[in-house]
Each structure stands twice: as structure tokens, then as C-alpha cells.
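You will see chain A twice below: alongside chain B first, and alongside chain C after that.
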Partner chain A sequence: MSRALLRRDGRGHREMRGKELRTSELTQFDGSAWYSQGLTTVVAAVNGPVAARQEDYRKCNVQVYVNRAVRIPRAGGTDRLCVEEQRLEQQRMDAEVEMFLTASIQAVVRLDQFPRCVLEVHVTILADDGALLSVATNALMCALLDAGVPCRTTVAAVTIVAFAPEDGSPVTAPTTTTTKAAPEASSLLSSSLPLALLLDPTRVEEVGDGVRTCATATFVLSNSVDGSNNSSGGVLVSQLQTCPRSSMHGGRMSSKDLVGMVALAERAAVSIFSFFRKCNVPLE
Partner chain B sequence: MMAHRCAFQTIASPALTQREVEFTKSAWIAGLRPDQRGAQQLREVNVDFPLLSRDVSCVRCGGTIVTAAIACELVEPFPYRPKHGIIDFSVRQPYTERDSSAKTAELKKLTAFLERLIKGGGVVDTEGLCVLPGRRVWSISVDVTVLNDEGNVTDVAVWATVAVLLHYRRPELTIRGDSVILHPTHERDPVPLSIHHTPLSFSFAITMAPGDRNRLARGRRDSQEALEVVVDPTFAEATAASSSVVVAVNAEGQVCSVSKSEGSCIHLDEVNHCMETASLLAPHILSLIRDAMAAHDKRRQEALKRMFLWAQKRSGVTSEATEPEPAKKLKTET
Partner chain C sequence: MSLPPATGAVELGSFKQHVIRLLTQSKRLDGRPFDSIRVPHILYENRQDTKINRVLASTLYTDDTGTCVNCIVTGVFGPPPPQHPEEGRLTVEVTAPFFPGYSAFQIEGTLHELARFVRSTIISCLDLTELCVISGEACWVLRVELIVMNADGGLRAATLHAAVAALHNLTLPKARLPSGDVVESRCLCFHRIPVAATIGLCGTAGSMQFLLDTNAAEESVADVLLTVVIDETDGIVSFLHHGRFPLLLPHLTDAIDMVASHGAALRSAILKSSNLPQ
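Up next, the complex of A and B:
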């Protein structure tokens, strides 16, 4: 009865993985950061606003290049088709990461101060063990701060997985209720069973079991204006990926669950901001 | 020749490049190097395996940082080579606005050098990667990413590739007739790749062409000798050198590859000098790789112990009050 809800790597539901941050290692770039959460490791390098060969001179252009440290090995025969499909899928995911990071940069960096320039960001994904979007965004933020690019605020990114809890399976609802009481029972069921949330998921938790997983969301939250340690400044960029409606719990995402996810992300961003602050302690 | 090489590799400011080239040449004539190293001295080399998994290695040589990652899959072979596995190399580098378009050609040349050295040199036997002829072979993909470039990328890329090939473990197989069983890592310990020898490459910069050196010797009469061959050239030294030689030797001192692609002519005794210097330096780099592998194994063991320490703290394992309850339940059920 008093069994604690723990994940398979020993963490609670609201616990993040260990973080590691190294900056200013790539000397040929203006700013760089080596950031990892658990086994997910990303190297971000920023070349500050430089003169660009482009046609739009009104504001700074943003170029994000995403590379994976290892490709899918080659194959011959009929396996070649499977490998090509996997590579296309990986390129599509890399393009999604590029678009997300470009939106984050446009929200944070004051691009209007640098006309006729380009801001280049190179992101190398060394290992992907879940929560890739948030780790890449945090690495990018540290690289921008290392490069001294003027930003409106600092941001922290958090990934959350929502899934249906163990108790109260909705399969029993249609068999016990009559046709007249069905709408009341369904509304009561959805309100009495909120979705469970997992903070900072691994790849196994992101994929889930295909039955109970509802959605995976990544939120980019800004720092609070008064500098206090117990709140954040709101969501700037977000990405929500829900399971298809055909699965058992697909399409069950309601606005109440989304508000709960945002509240949990805001509380988690405070720990990331304090981690960034501790890494910025000057040497004596 | 030198004007072409300067235009070939432009950095932030051409004037600064010219000053660096002139300073480097003056230092060589005086018998010194710009960063006060000896002629046969490498920069500080650091080999690391940054992740807990065994498939990523990171080598730093001064300011040059190169990572190598490996992936292994069981795939169908090519129809024209049914008994040979597949091994593939790729070198990538972040492109900046300051780089010229010749960087891509340099990376392709480096990829071809890696392929020639490791695949053509017999380091990994592709026939040993065959599992079932015509149906299942191992396919290995090694990706080298140059994160920071401060000269001598060729050597650091080869060291990172050799380190990741030595350290990687592939899953174990059980073959019965035509069926292949792939055991996960928690069922059976993974198996290292069969590496026949470990070639390590070293780049050398030839400071002056023979004609220039003869004219310089005729002009000067003091006993101080100028440097002729320097190992591990930095970016400025590579720009100032008249030609470059890449020598690959293995731990037993055998020469695996010699490569000279551009620049002036060189003497045969200079090539012999390069080979002897590389034979002296190769055991040092190999011992660094072995030490990094041992340190990474120790770190993995400690991580596993911490994982099991968490499991021992669960309430169902340590507390004694819950132990009699299952026996009671079993008795009541019977």
C-alpha cells in the first residue's frame, strides 16, 4: 500500500537527471557549451553576429545546423530500403530540432540590433536518451551567454511526458453505466483521474508502452523579472506531441492537464536556473 | 607557392596570418618553435570517453578537439561481396562564414585517408565481420566530428578513431544453423571487435625547401642550425611550412602509411627521420588510449554500483516486517 512510485532508474516522478555543463572549450567559436542531462549530451557552438552573404539586410539572420555524432550504418540488399527510411526519419527529427531552436533564438536574442549579420549555431548531438529538445535548448542558451550575445532574458527548457495512471481503467466504465448516465460518468471519470506527469523523461519513457502514454511536451520558460527563486517568467516556445486518437488514451489531453504540465515545468525551470547560476561562480 | 597556400587557408585577418607566418619562419631559422615546443614534441594530448556508453571517444591535442562515434548493426550484405562486412567512415566539421570552400575538399581527403589506413590497412578485417554469408553481416559506421580546429586535425582524427574502435563492444551472437540470436547486454557480455594492429598517424611540417636551405646555409656561418622537420604543426606552422608529410606507424614500429600530397620536394633522409620520430611517439599515444580505456571501465563499474545501491534501499528488500506476510498469504490460500 505504501509503495513509493519510482522509475526504473531510481528517480521520482518530479526528479530531474544529473546535469553537466562545460563552456568555452571550442576556441574557434565565439561561444560554446557542452551540456548533458543524464545520457543525453549536446555540444552547441555559436558564432556571434558576423557579416553575412544574404539579401535581407533589415535584421540578423539565424542559421542553425544540427548534426548527429553517429549515423545509421549502411546495409546492402533489401535492408538498404529500411536504412534509407530510418535515415529520412532521422533527418526529419533533426529538422524539427532545427526549427525549435530557431524559434527559441528568435524569441530570446535581440536580432534587431544586428542588421546585415548572420548568427550561426552548430549543434552536435553526441547521444540521445530522451528530452533532446530541452537539452539542446539549454546547451544553446549557455553557448549564447558564453558568446556574449545580447539576449532579452535567459531561458530554460523542460520536457514532460503525460500518461494515464495505473488505477481506474476506463474500460470498466461502459459496462457498468447505463445510456442515460453515460455523459455524467464520462465527465466524472475525466475530472477524477488527472494524467500523471513524468519530468525529464528518458528515451524509454518517451516511447512508452503505446497504451498509456498521452503526450510529450517541451516548454521553454524565461527567467523571472524580479530575479526571485520561486517563479519563472512564463512560456516562450513550446512543442506538444500527442499520441494519435486511435490509441486507447489518445486525444485525452485537456486544458486542465496542459495547465498542470506548465506549472510543473515552471517549478522545474527554477532548478535549472539555479544550476546555471552556480556554474557562473567566478574563480577566486 | 606560398602566396597560393596563404590564399588557400584564410583565417580572420590576412595581415595577421602574414605576421604569424613571418614570425614562425624566423623562429624556425633560430632553431625554435613559436610556442616553445621541441621539434619532436607533441602538444598536450588528452584521450577521454565522455559518455557512459562505449561508443563515443573524444581526443584533445592542445586546442584541437575531435570526437569519434561508432554504431554497429546486423544487416544484409552487398550482393557482390556476400562474405564481407561493411565499415564506413565520415568526417564532419562545423562550417563557419570564415571558412573557405576548400574545407570540404580537405575533409574528403581526410575521410579517404582514414578509409585507406584502417580499411585498406587491415586493421579491421571485413571478412571477420561476416555472420552468415549472403544473409547477415556486421555493418560498422564511424563518424568523426571535428569540434575545434587549431591545426593537425589528421592525427587527432586517427587517434580518436583508433580509440573508439579499440573500446567498442558489439553484442554477442549465437548461431544455430540458419538462425542468429542477438543477445542483449544484460544477457551476455558484449564482445570487442577484432583489431589486428593499431596504426597511429603523425603529421610533420618540412620547414624549408632544399634549395632555400642550401642558400641559407651558404649565407650564414654560425654554428646554430635551423629546424628542418617539426611534428604536430599548429595552424600557423602548417601555413608557413613548405610541405607536409603524414606518417602512420603501429605500436610495433612498422610503417603503415606515408602520405605527402602537396608542397615542395623533400629529401629521403627527411622521410626516414619522420618515420623514426613517429616510431618513438606512437607508444606514448597508445599508452594514453589504454589508460583512458581503463579509467572509463572503472567509471562504468562505479556507476553500476551506484545503480544497485539505489535498488538495495527499496523498502521491500531491506525491511524484515514484510517478509512473513507472503508466507501467511500462501498458507491462507492453501
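Up next, the complex of A and C:
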């Protein structure tokens, strides 16, 4: 029975991968952070705010540059067109990470205190094994704190995959566990089975099997105002995308599933905030 | 998220303050109510004249305040993607040739993210195995080219609607492979039709005001921006949101319900014109 709750790498449904954080290693930047969750590793470096010429001079401008340590190599022959399409798709994913991080910075950093300035962020994706947006946002948050940039709050990003549970008696236990973990009588009454949630997915879990995986969502949650460990302060940035090939098999994502995902992300952000606080121990 | 608003000779900061002053008086720049959408109009080009140029569909998306997106779909044969040999290929390109180049870097990033958003939303509503001709050997390669001629906010929704209108009921013509095999004509169908809207949220005087279907000026002053994509059963296809302060759960569900109430009108406006050429 407990074996049905384990994932491929031995984790439970609500368990995150191992986190590792190193700051202040890149000495040529004002702040830097090396952050990994599992095999997904991102290096974020922050320069500034520095004086620069720009059109909108009333507040600080944000420039985010996203690079990858490993890119798809070029190819020849009949596969050249397909490989070029994959390279273009990877560049667009970099642009998506760039826009997501720019929105996170604009929400967190007090840009109005630095008119006529530019805040430069260089993000290098060393390895991508799923949950890339959340790992990059967490690395960026640590780099901003390391650089001493004034922020309104600290944020933590969480990625969640929603998939349809299997039909049959072995899945009754995880459904009951899901109901006990998040008791929602209204969702049980309205829909037959709520979507099961996977916290901090790997790349294989994000791609899914094409039938049961419904959606992948990334939420950036702010710290609570009173500093308590029980809840977070709300969602600052979010991005939800349904998976292709799954909606043909009845995989529908409703508002109640979105509410469940945000509730799980808020509880997972508490563990990331405590991880950030434990890493804040000064050197003796 | 959005391209910069066209302010003419007015400074951008003064223009923003003017929009903020209007919003505090419960007015919008174009006089719309806060919960109304700009109904899109889809113009179809005659397909018979352009079939010889591999152009399968050509649509022009406009609404009442000047957003104009041209969508051209071309198709050729090609090898299938290696990771999914039983599927076809779909590529999306977004260009904006009529915008000033003073922030070309940011515009390019916006267009790249826009192309990825449109493609990922379409392939989650379209069965790509219908584009397969011979599994592992040959498939249709559809290229969706979106030209943003004028943008007035809601760029994700406008480009998505233009692409969906072009691809819905698209007829893949009868053609001959280089090996001599004849491929029969086929009609492309969506198994669910996405509609999108952008919602702005202004926190003025302590109360939250939702702005449905924001334009470019409102997007530059709104505190929170949400893009909601739903299907016929009001299921969420895509959901993006960012802002200056955190949102709680009732705000997210209220935004989805607001788009769902206008989903039928948007869907009929996009698909209504598709019956004219047939």
C-alpha cells in the first residue's frame, strides 16, 4: 500500500527534492546564488542598481539575461530542420524564463527607490531536470538578498504537476490521503475524483505519459506579513499550462483544482522559507 | 507581456497619470465599462487564390480599438519530430515589424515568449497526430506566422484568437509525396476551443477593481495582470498572472469566472466567420 504512494525516485507525492544553496561565490557580481533542487541547477548573479540611460527614468529598469550551459548542438542531414526547431523552442523557453523572472523582480524589488538605474541579472541554467521556473526564481531571490537589494518581501517558487488518478482500488488510498491532507467536501461533492498533485516534479514527471498528466503550474508565493510559519502571504506570479495530448482523454482543469494547487504550493513554500532562514547563519 | 503603448507626443509618465486619474473616477480610456470585452472580428482571405502558394489559411484579427494581427498558415511535408514520430509538426512565429526599435531587446523577448505561449496553448487543444501522413516517415509541417500590425493590449489573447481562427476547420489539401504516394484531403479540428482574455487589477483607495480586456495604457498602470484561457466546459487551459502585490485565492477564481462569463461570446465571434468561405 505504501509502495503506491512512491514516485520513481522514491519520493512521496508531497515531498520535495533535496535543496542546496551557495551564495557569494561569484566575486565579480554584487550578489550571486547557486541553487539546486535535485538535478535542476541554476546560477543567478545580480549587478546593480547602476546608473544607466533609459527612457523611463522614474524607476529602476530590470534586464534579465538567461543562458544555458548546454544547448542542443547543430546537426546536418535530414534531421537539421527538426534540430533547428528544437533549438528555437529552447530559445523561446529561455525567453519564457526571462519574462517570468522579470515579473518576479518587478513584484519584489522596490524599483521606485532607484530612478535612472538598471538592475542587471544574469541567470545560467546549468542543468534542467524539471521545475525550472521555480528553481530559477528561488536562485534569483537568494542572489537579490546576497546583493543587498531592498525587497518588499521574500518569495518562494513552487512547481506542481496535476494528473488524473487511476481508477481502481489501489488508488483509493492516495485519494483518501489527498482528502485527509486537504479536506474539501465541496470538491468531493461536485467532482467524482479530484486531480492528484505532484510537488516539485522532475522532467520525466513534467512531460508525463501523455494521458494522465493534466497541467504543470508554477507559483511564486510571498512571505506572510506576520512572519508566522503557518501560511504564506499570497500568490505574486503564477503560470499554469495544460499538457498536450491529455485533454483528449478527459483531463480537465477546473477552478477547484487550481485552488488545490495554490493551497499545496502555499504549504510547500513554508519549507522553502525555513530553508532560506537556516542558510542565513553567519560565518563564525 | 505587452508592447509599450502608443502615446503619440505625450510623455509616457504623464499619459500614465492621466489613465490613473480616469480609473479613480471609474472611467476607462475608451469609455467601456469595467466588465466589458472588445468583441473581435475575423476576416478571412479567399483561400482558392492562394492555395498554389502553399498558404492554407489567412486571417486578419481586429477589434474595435485597433488591435490588428495577421495570421498566415502554410504547410509543407517534412520529417516528423524524433521524440514523437506519430505526430505532425507545428511552428509559430510572431513578428512585430511596425513598432519602433528603441527597445528591440525587450520586444524580441516578448515576441519569443508570445510564440511559445500560442504554440503550447494550441497543441494542448489540437491533436497533432492528425498531421501525420506516414508514421515515422512523413508528416505535415504547419507554420503559423503571426504579424502584429497594431497592438493595444491583450496581446496574448489577440494572437491566440487569430491563430485559433486560422487553424479551426483548416483543410489540408490533397497532395502528392515525393515518393509518389497521394495524400488525401483532411480537415483539422480542435477537440476544445480556447478563448483568452486579459484582466487588470487596480488597487485604488483600498478596493480592488477588475478591468476586463485591458488595453495597452491600462496594462502599463495596472497593479496585477492576469491572462486566463478557458475552453467550452470552463476548464482552465492556461493561466498566467503577475503583479505588484500578492493575490489571494478568491481573486484568482473571480478572474476565471469573469472570463468564463464572456467565453461564449468570444468563441462565437471567433468561429462565426469561419462559415463564410465554405
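Assume the second predicted complex is superposed on the first by the 249 of 284 C-alpha atoms of A that agree within 3 Å, B and C clash if a C-alpha of one lies under 4 Å from a C-alpha of the other, contacts with A are read in each partner's own complex, and residues count from 1 in each chain.
Rule of thumb we're sticking to: contacts are C-beta pairs under 8 Å (C-beta built on N, C-alpha and C of every residue); 3 or more make two chains touch, one makes a residue touch a chain.
Source: prediction; values computed, not measured.
If you put the two complexes together on chain A, you find that chain B and chain C both fit without a clash.
Of the two partner chains, chain C is the only one touched by A:Gln106; chain B is not. Using the contact criterion defined above for the overlaid structures, shared-chain residue A:Gly234 touches chain C, although it does not reach chain B. When both complexes are overlaid on chain A, the residue A:Thr78 reaches chain B and chain C alike. Of the two partner chains placed by the overlay, only chain C lies in contact with A:Leu258; chain B stays clear of it. In the superposed pair of complexes, A:Cys151 makes contact with neither chain B nor chain C.
Judged by the touch definition given at the top, the superposed model places A:His122 against chain B, while chain C stays out of reach. Contacts of A:Gln28 after superposition on the shared chain: chain B is touched, whereas chain C is not. Once both structures are fitted on chain A, no C-alpha atom of chain B lies closer than 12 Å to one of chain C. Chain A residues 78-79 lie at the interface with chain B in one structure and with chain C in the other. Those residues of chain B whose C-beta lies close enough to touch chain A in the complex are 50-53, 55-56, 63, 65, 67, 69-73, 75-79, 86, 88, 90, 92, 94-98, 139-141, 143, 145, 147-150, 307, 310-311, 314-316.
Within the complex formed with chain A, the chain C residues making contact are 1, 12-13, 78-79, 81-82, 89, 91, 102-103, 105, 109-110, 112-113, 115-117, 120-121, 123-125, 127-128, 141, 191-192, 231, 233-249, 252-253, 256-257. Note for the complex: chain A touches chain B at residues 2-4, 6, 9-10, 25-29, 36, 39, 41, 43, 45, 47, 50-53, 65, 67-80, 83, 118, 120, 122, 124, 126-127. Listed in rising order, the residues of chain A touching chain C in the complex are 55-56, 58, 63, 78-79, 81-82, 85, 88-89, 91-96, 98-100, 103-104, 106-107, 215, 217, 221-222, 233-248, 252-255, 257-259, 262-263.
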